[in-house]
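Two complexes come next, and they have one chain in common, chain A, joined by chain B in the first and chain C in the second.
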Partner chain A sequence: MATHAVSISDAEYEEVRSHRLLGFLLFLISDTIVFSSFIFSYLYDRSASPIWPPLGVERPGLYLAAVNSIVLFGSGVTMHLAMEAWRHADRPRFNNWMIATIVLGLGFLSGQAWEYSHLHDTWWGTVFGASFFTLTGLHGFHVFIGVIFLITVLLQTRRGVYSQTRYFGLTAVTLYWHFVDVIWVALFFLFYVY
Partner chain B sequence: MTGAIIMRILAGSGALVVAYFALKALYEEWPKTALEDQVTKIMMGLLTLGCAIVLTVALGFTGRI
Partner chain C sequence: MTISELQREASHAHIHPPPQGFVSRYVISFDHKVIAVQYFITSGLFFVLAGLLAELIRVQLLQSHNTLLSAQTFANAYSVHGSAMVWLVIIPVLTGGFGNLAMPLMIGARDVAFPWLNMFSFWLFPPAGILVFLSFLYGAPQAGWTEYPPVSLHTPGTAFWCAGIFLIGVSSTITGINFMVTIIKMRAPGMTWTRMPLFVWATLVTAFLSAIATANLSAALAGLFIQLVFHVPFYDPAHGGSPVLWQHVFWFYSHPAVYIMILPVFGIVSEVLPTFVRRPIFGYRAIAYSSVAIALVSFMVWAHHMFTSGLAQWVQLPFMILTMAVGIPTGIKIFSWVATLWDGRIRFTTPLLFALGFLPMFTFGGITGVMLASVPADIHEHATYFVIAHLHYVLFGGSVFGLFAGLYYWWPKMTGRLLDERLGKLHFWLMFISFNAAFLPMHWLGLLGMQRRVAFYDNQFEGTKLLHLVTDTNVWASFWAFVLGASMLVFAYNAVRSATHGKIAGPNPWGARTLEWMTSSPPPYYNFAEIPLVLHGPYDYGKPLPYANISQDLATEPIA
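Then we have the complex of A and B:
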């Protein structure tokens, strides 16, 4: 793949890159639609119920989720800093910020796992519980995939797959990670704040 | 000091730090015009909004317990 990347001209690469970028953005838009569908389903259920959460259902822990949110939002910033370090050809800083992003992503997943293991029995079999697990579970799965994506790209950079001017994989993982962050803004607001 | 207060302090201070860096990134990205830069601007703006929400939770203005 690296051999192919360097064998084409800059003009050809730019064309291929713009097509890849458009395709990747369309993927993110389609993923946004998936999340939006579940969110609107949740909002419909919520509006149809006179009391929310339903009687006897305890709300999830607010402050733990707030800390966990900041861990994920912080990883968005470290990802951006990693990208900037790559653009400025600062490899040591790039590696450090990428590792920080991976660690924060794993920290978020650990926090979510802890939250899942300490949830109340009153949630089982309720619309609130189903909505919560569907949306946060889907998001958690995206974060998990994102962490694998980050590790893969970090290993690829060490193998020299990307050059200083040709690094679409890095751009893609950055956009994907920001997307995962932004989806969590909506989910945190819906389940914990609103 | 209870666990809830510690978590509120962590969340609040973390929100301020992350919001600062997100706004700084947004400011630096602002002159750029490539498609991925435009998307990054939107993402950084929404990330700042997320930090603001967490900050209001940490300060006790919003959020249900």
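Then we have the complex of A and C:
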């Protein structure tokens, strides 16, 4: 991310950073559109059906999903704390909160894997099941990418890629992680509550 | 801002040395100008393939019950023809090709914001095209370029098609984001929004549509792909899915995509006209802002493609009215261009001829578009050749003519040599006459009820007379379609010939005033020795050039 960090002036870095930030925000917007499109499809199919979920399909358990949600939102909090620690130049606390975020992210993924393995195989044959797997699967994939992103950034900080004033990779992973959190709020509501 | 303030803003801009090896220079290149040429060459190859499919379609239609192609093969041919022309030719050429070639130069930048992503985005494109054509081996798509389920669910090759279009969609999204950041952040000092050349305005709006709308297409394609490969019922009515849902998500992308295919052409025409008319463009702000208006309305008109899909009447009405409303910003542009011509000193060069050809043909396609927007008319004409004629007037008479205007206009900037004017004019007249002769009669065939998308047509359309002049309209259309194909050979010959026989262009052969002409042809790797300062808008013919920091021997506007 910041390989030129040492060789360029502050003004140049500020320019590069503003390009990357705008580019990354636009990426997040287009990613939001991808999720919205699937959510629209789900709501469209849902509105066409008299009973929801369709006959023979049970909603996935709320209890596990609620615990899993708390795990994911908790990782959002630890992410924020890691960022705060970085801003206060507190490296040990930063490392701890980053590791906590990664562990919570992995915890969410294992919860999801457990949930998938206990759902009926026949689910793929229904619109409800297909939408559930596609949307939560796409979200899970985002979490997976996010965990890899977090690990990469953590290793980069240890290699000294980022400085106290130049840390765009860290900003990007924070934005991405909070984005994934927010998407989950919508999915949780759609599949487990509404 | 004063000049000294502008200079301070421009102070930090490095010149990087160009890469040396052949691969880093021409294959895995980060240079926007080289990437543009890569787009042109790749799209050119797909244009030939998709064009040959079009000729095959016209051969089949020479007779009402031609045994050359089976119904299945005919469906494959037009499906891949349409998909390839839309996604592998027009969209990549207009965004990746012209956007890369001209936009960074026009805003006085050294390159786009993310050169690596630009390279990556291009290299998604050849595999995408290969996947689309590879589908022929596994049962090519047969439901047209729109691939409506349930018909599209019966050919396994559709999965290849999905994967290919998905890749080109991702490429388009990345390019869109890249261009938006470039235009928003990297304009030369002093280039305010209203000093931007109109092609840059058009590219900005197109980039917005590519970034936003194409993401939605990716989701729709992923849904279709999952359905085809894992047999889940998203769009399958037998298991609670809905085929109409596909139409909604597809058109929510594809209607904005229609404007991705025309807005850059509006930009090209807005550059070509003032250059050869030697007058300021009429209504600069009107043209710029109407592009924005078109983009916004384009997200609210998608269901006009679905008037025959059983929508409720209260849904149809607003879509009909909003669709007709698109005619207003488009009309503003047409009037502005015509007013630019008014009282100008017109030089009839090849780029201008193509731009002038674009004007009436696009207007005509726009008028039939308003006819089709009307629900009762659309229900009557939807499945007929009237739609084929309308679409080709907009996409060929509009986009492809504008595309050639841009190609003839920027060819000297890209290669350093001019194309031959006489061959160019021959190309234009052959293309103009044969295109109109082939597609204009299809309006009549459609109104008479000839069905589109079928390999065999009713005997009554064999020997359809046209104004007592033509004895068989289908044979006539096929003949001119072959001439249209042959006219491309004139261009190919001209292009190859220019490499050795073309006149050396010099920095500014047309006497234009936008920034890309203020550097040598082809431009050096770093585009500008110094980042130029922009003091005024680009179209004030007859006034001094509005730039500082341009080396004096390049700052020419020789044709007064």
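Some observations on this one:
Please note the rule applied: the second predicted complex is superposed on the first by the 188 of 194 C-alpha atoms of A that agree within 3 Å, B and C clash if a C-alpha of one lies under 4 Å from a C-alpha of the other, contacts with A are read in each partner's own complex, and residues count from 1 in each chain.
Quick note on the criterion: contacts are C-beta pairs under 8 Å (C-beta built on N, C-alpha and C of every residue); 3 or more make two chains touch, one makes a residue touch a chain.
Predicted model only: the values in this text are computed from it and were never measured.
In the superposition on chain A, A:30 makes contact with chain C only, not with chain B. In the overlay built on the shared chain, the residue A:67 is in contact with chain B alone; chain C does not reach it. In the superposed pair of complexes, A:188 makes contact with chain B only, with no contact to chain C. Touch criterion met: A:178 reaches chain B, while chain C stays clear of it. When the shared chain is aligned, chain C comes close enough to touch A:124, but chain B does not.
Of the two partner chains, chain C is the only one touched by A:11; chain B is not. Chain A residues in contact with chain B (one complex) as well as with chain C (other complex) are 18, 22. On the side of chain A, the complex with chain B involves touching residues 18, 21-22, 25, 59, 62-64, 66-67, 69-71, 73-74, 76-77, 80-81, 84, 171, 174-175, 178-179, 181-182, 184-185, 188-189, 192-193. Chain C contributes residues 12, 14, 113-114, 173, 177-178, 180-181, 184-186, 211-216, 218-220, 222-223, 226, 230-234, 239-242, 245, 248-249, 252 to its touches with chain A in the complex. Against chain A, the residues of chain B that register as touching in their complex are 3-4, 7-8, 10-11, 14-15, 17-18, 21-22, 25, 28, 35-36, 39-40, 43-44, 46-47, 49-51, 53-54, 56-58, 62-65. The residues of chain A lying in touch with chain C in their complex are 9, 11-12, 15, 18-19, 22-23, 26-27, 29-31, 33-38, 40-41, 44-45, 48-49, 54, 124-127, 129-131, 133-134.
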